[in-house]
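Dropping the structures in below, format is structure tokens.
Common to both upcoming complexes is subunit A, partnered first by subunit B, then by subunit C.
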Partner chain A sequence: MRERLRDVMATVFEVPVSDIPDDADSVTMPGWDSLRHLELMLELEMSFGVRIPADQVPELTSVGAIEDALRDHGAG
Partner chain B sequence: MLEPAELSARRRRGGELLRSADPPAGDLAVLSTFNLDLLPPFLAEALDRHGVARRLWLAGFDQLAPAIANPASELYARAPGDVLLVPAPEDLLAPLYDGTGAPGLAQERVAELRAQVETLLERLPGATIQVAVMGAEHAPAEHLLAPSAPGRGQAALAVLDAGLRALDALDPRVVVADFDWTARSAGRAALQDPRLWYLGRMRLNHAGHALLADVVAAGLAAQHGVGRRKVLAVDLDDTLWGGVVGEVGPAGIGIGEEGVALAFQDLQRALVRLHDSGVLIVLCSKNDPEYALAAFDHSAMVLRREHLVATRVNWRDKATNLRELADELDLALDSFVFLDDSPREREWVRQALPMVCVPELPADPTDRPGFVSRAPWFRTLHVTEADRTRGASYQAQGERRRAQASAGSFEAYLASLEQRLTIEPVTEATVPRAAQLCQRTNQFNLTTRRHTHAELEQMLADRATEVVTLSVADRFGDSGITGLAITVCEGPEAELETLLLSCRLLGRRVEDAFLAVLARRARDRGARTLVGRYEPTERNRQVADFYAERGFAPAGERRWRLDLEAAMPEAPPQLTVEEPAHA
Partner chain C sequence: MRGRTFASLHEGDEGRWAHTIAGPEVDAFATLSGDDNPLHLDDGFARTQGFRGRVVHGMLLGAWLSRVLGTHFPGPGVLWLSQSIRFTRAVYVGDAVEVVVRVKHKAEALRTLVLDTSVLGPDGTPVLTGEARTMMLPTDRTPAWNDYVAIVTGAGRGIGAAVARGLGERGARVVVNYRTGADAAVAVAEAVQAAGGDAIAVQADITEAGAGAALVAAAQERWGRVDAIVNNATPAIERKPFEELEWEEVDRYWQTYVRSAFTLTQAALPGMKERGFGRIVHVLTSAIWGKPPVNSAGYVAAKSGLWGLTKAMAVELAPHGITVSALSPSAVMTDQWEGSSDRQRRALALALPAQRLATPEEVARTVAFLLGPEGAYLHGANVPVAGGEVM
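On to the complex of A and B.
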């Protein structure tokens, strides 16, 4: 799951996958602003076939938090 | 939209209610202009769920008007407590879809429906009259993009819907059921995401943004005349009609008002709508010509011989025929669209003539009318007068060629044409056509400046700039406005900023007469020299030497100059010119 997640993030942030550290979060990752964040959520939903509820969207600001949420929503 | 499981559950439950041994007391009569035979189970279920169970009665197919008009009809015998009217705009405004609708048709239909509701109110005292606003699935001419374009028919549809929505003002017993609005909301739900609104103030999701982008891009392309093709070449058997005319005979082809034959007829309707907006329809078919053309006498044919500008019905390969058609019309092959049901023929033309647009015509004929009317090939914003008469004008072109063949000398031919040019300043009324010429003229266009409507309007106000249009009439017909020139005067020098002619006019020395008049008009305004430019594009090589061949002296790169005090260009004596003064 981590690899697919980093692939999606690399596409959204328009950087090579190698530029996405395992502990990336919105504070340290350049370009992870509120617009990119919404884009990332939509890409994740399409890629993992899940739906992220609105109240969770603002909280998923790190690779770890996103992974936990995807797992909770049953993503493979 | 409901899930399939929910749909079948409702349908099953509705069916049980309809078969119930103990039906509800009150009657609901349903009158429609189209077949609603699959509605009753859903309606019975929904009425029951909402606590307003009724016994249903459907008047037969298209019985709305006769059932209301006839006081002895079964409708009144049943004396229902509730009546539902379901008129479809496509039925009420059918003449618009045929291209024969008069202005005011929608208002007339609203008045008729109002009268029908009043009749029901009077003849069924106490009954509730519910009117469904269905909305149309598509406008009569979707390729005309401007919602205000009269030929598109969207404005008429809006008038009809608004009229139906206002019927409840007649009486408190009238209720409007707005299916159209609800259906629109259901469709829009797929284009937005409430989370994006609340978290980011975005009103659309990806699908919504993509749709908005497409609508905008199509409008801009139409405004700038980009990508619009001019000619639709159609095959005959199994494309224009069902079956092979060589096997079933001209009287046996599949064309008519029922079933799949209606789909072929609707495809022809779509072609006639295209013809009415200036698309040239030509035939390209492998067939016995006499036999195939006899099929056009079939009474159910909507596309008639008079809609056709040229035909190639023979046994040669279709790429060769398309090349010949392009020569005959004097149009480049990249302005052609080729419609054929046969994948083999499509592939052949694609390989031989990659510049021809060869769409994948849907295999199912019932999918084709919608496919053709929504296709991007011929989109434009508005239909101009020149669009309306283009077909006739190209037919006249064919007659001119035959005249040339029989006239002998070129001078005799020119004289025989009796050409009359009208050259006049552009006006508010002719600006749209002038802009269209700027956008679409490729071959005889010296500078190819793609001026828009707004830019030309600005020029109208500029005293140093003169924009004139050219129209040409001859004994075969009137071309309408088919030429344009923009002259900018600065002190003693006048420059032809734009000079263009429709390629239909070429070979008749119209360009020489036009240039002579432009030079004289420039001199009248005080110019002593006239400057012309040639700016090359992929398509305008034929005019590279235009100025050099007419006595202009080189004056810089792709720039020529004519001393108006030394010599004026001469107009060919066989052409007459009128220059109406403008108000």
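On to the complex of A and C.
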């Protein structure tokens, strides 16, 4: 899952996968602004086939948090 | 309002718009865009390049896609975030084309839609394909008063009757609900009609199972929908020391205030969500602000419960364009004070900073404020119509 997630993030942030470290978060990741965050949430829903609840959207600001949420929502 | 609401859209839903391309449209687009490439304007040149005639600008098809997105499907309030486009075949003046937009993915939390977009040529095969990403911005869908449908419970007399009449003066269509007193309710309905609105008097004991659904059905049968509910019905209010209260007496308040608001709103909710508009107003009391009056435990508890329900509903229904708010009148000059002396009423009035009691019409005007365009951004409000008694 980690690799797929990094692929999605690389596409959204328009950077090579190698530029997405395992501890990437919205503070350290260049370009992770509010608009890009919404784009990321949309791509996660489409790529992993999950539905992210509204109250969780602002919390998914790191690779770890996103991975946990995807697992909770049953993403493979 | 034209178009669809976010709530009413589902994956797989589709919007279509057919059009036959006219030469002046291509000329106008060339002028507007500045793209006067002879391929688009000169039949002779286009033929020398192997085309049947001048080729319609691909972005003119894109402009019509914009038209469909912004006015028809999803419609007003859409924000176009991105679009991929691939032109697959040339299109010519005189061709009949059809813009097709289909919901591919709906992200509820983001109010965002991913849409398959295509334009079909005369033979039904795509001449343009692509994917749009759009966000649906919440828009105020308050109907005009003469198109507005409201249910007012307990509208045969007192505050409810004033609310119904006030809505009638604005041209609205009103279900005048009553439990007993058919003559009075019919008179209120006639007053609504005489004022320029429309009304039906509908008997229903709102505490009974199915009453909420029956009221909604009555409105839908007559006018096709329900825009607003004013939960105003009340049982006779009896003051009694707590230790003498029977639970059945307390429960009567809960049934009338809380259960009826619950069942009536649930019955109206699917239609309100579908249209992206709804207004729910609960009539509370100034007695739930600060220190309550003595000997009113059942009444105060149930009205407080309704206030809790107001806030909980407001939070959940706001994303659907539905406001849930309340107002808290102090003593109002209704027939509930018949039998009390002038001196008693005067004493009651002098206890208020305003030095007078509220009229039912004053309460009704606040209800109309909450129901109308002025109330569009009031979610979970509780307006004290109380002459300064509570603040």
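In this section, the second predicted complex is superposed on the first by the 76 of 76 C-alpha atoms of A that agree within 3 Å, B and C clash if a C-alpha of one lies under 4 Å from a C-alpha of the other, contacts with A are read in each partner's own complex, and residues count from 1 in each chain.
Basically, a contact is a pair of C-beta atoms (placed from the backbone, for glycine too) under 8 Å apart; a residue touches a chain by one contact, two chains touch by 3 or more.
Only a predicted model underlies this, so the values are computations on that prediction, with no experimental measurement involved.
When the two structures are aligned on the shared chain, A:L38 is found in touch with subunit B and with subunit C. Of the two partner chains placed by superposition, only subunit B is touched by A:P58; subunit C is not.
Touch criterion not met for A:T28: it reaches neither subunit B nor subunit C. Residues 38, 42, 53-54, 57 of subunit A lie at the contact with subunit B in one complex and at the contact with subunit C in the other. Taken in their complex, subunit B has these residues touching subunit A: 193-196, 198-200, 202, 205-206. Every residue of subunit A that touches subunit C in the complex is listed here, in rising order: 38, 41-42, 45-46, 51-54, 56-57. By the touch criterion given at the top, residues 34-35, 38, 42, 53-54, 57-58 of subunit A touch subunit B in their complex.
Note for the complex: subunit C touches subunit A at residues 105, 107-110, 112, 114, 133, 319.
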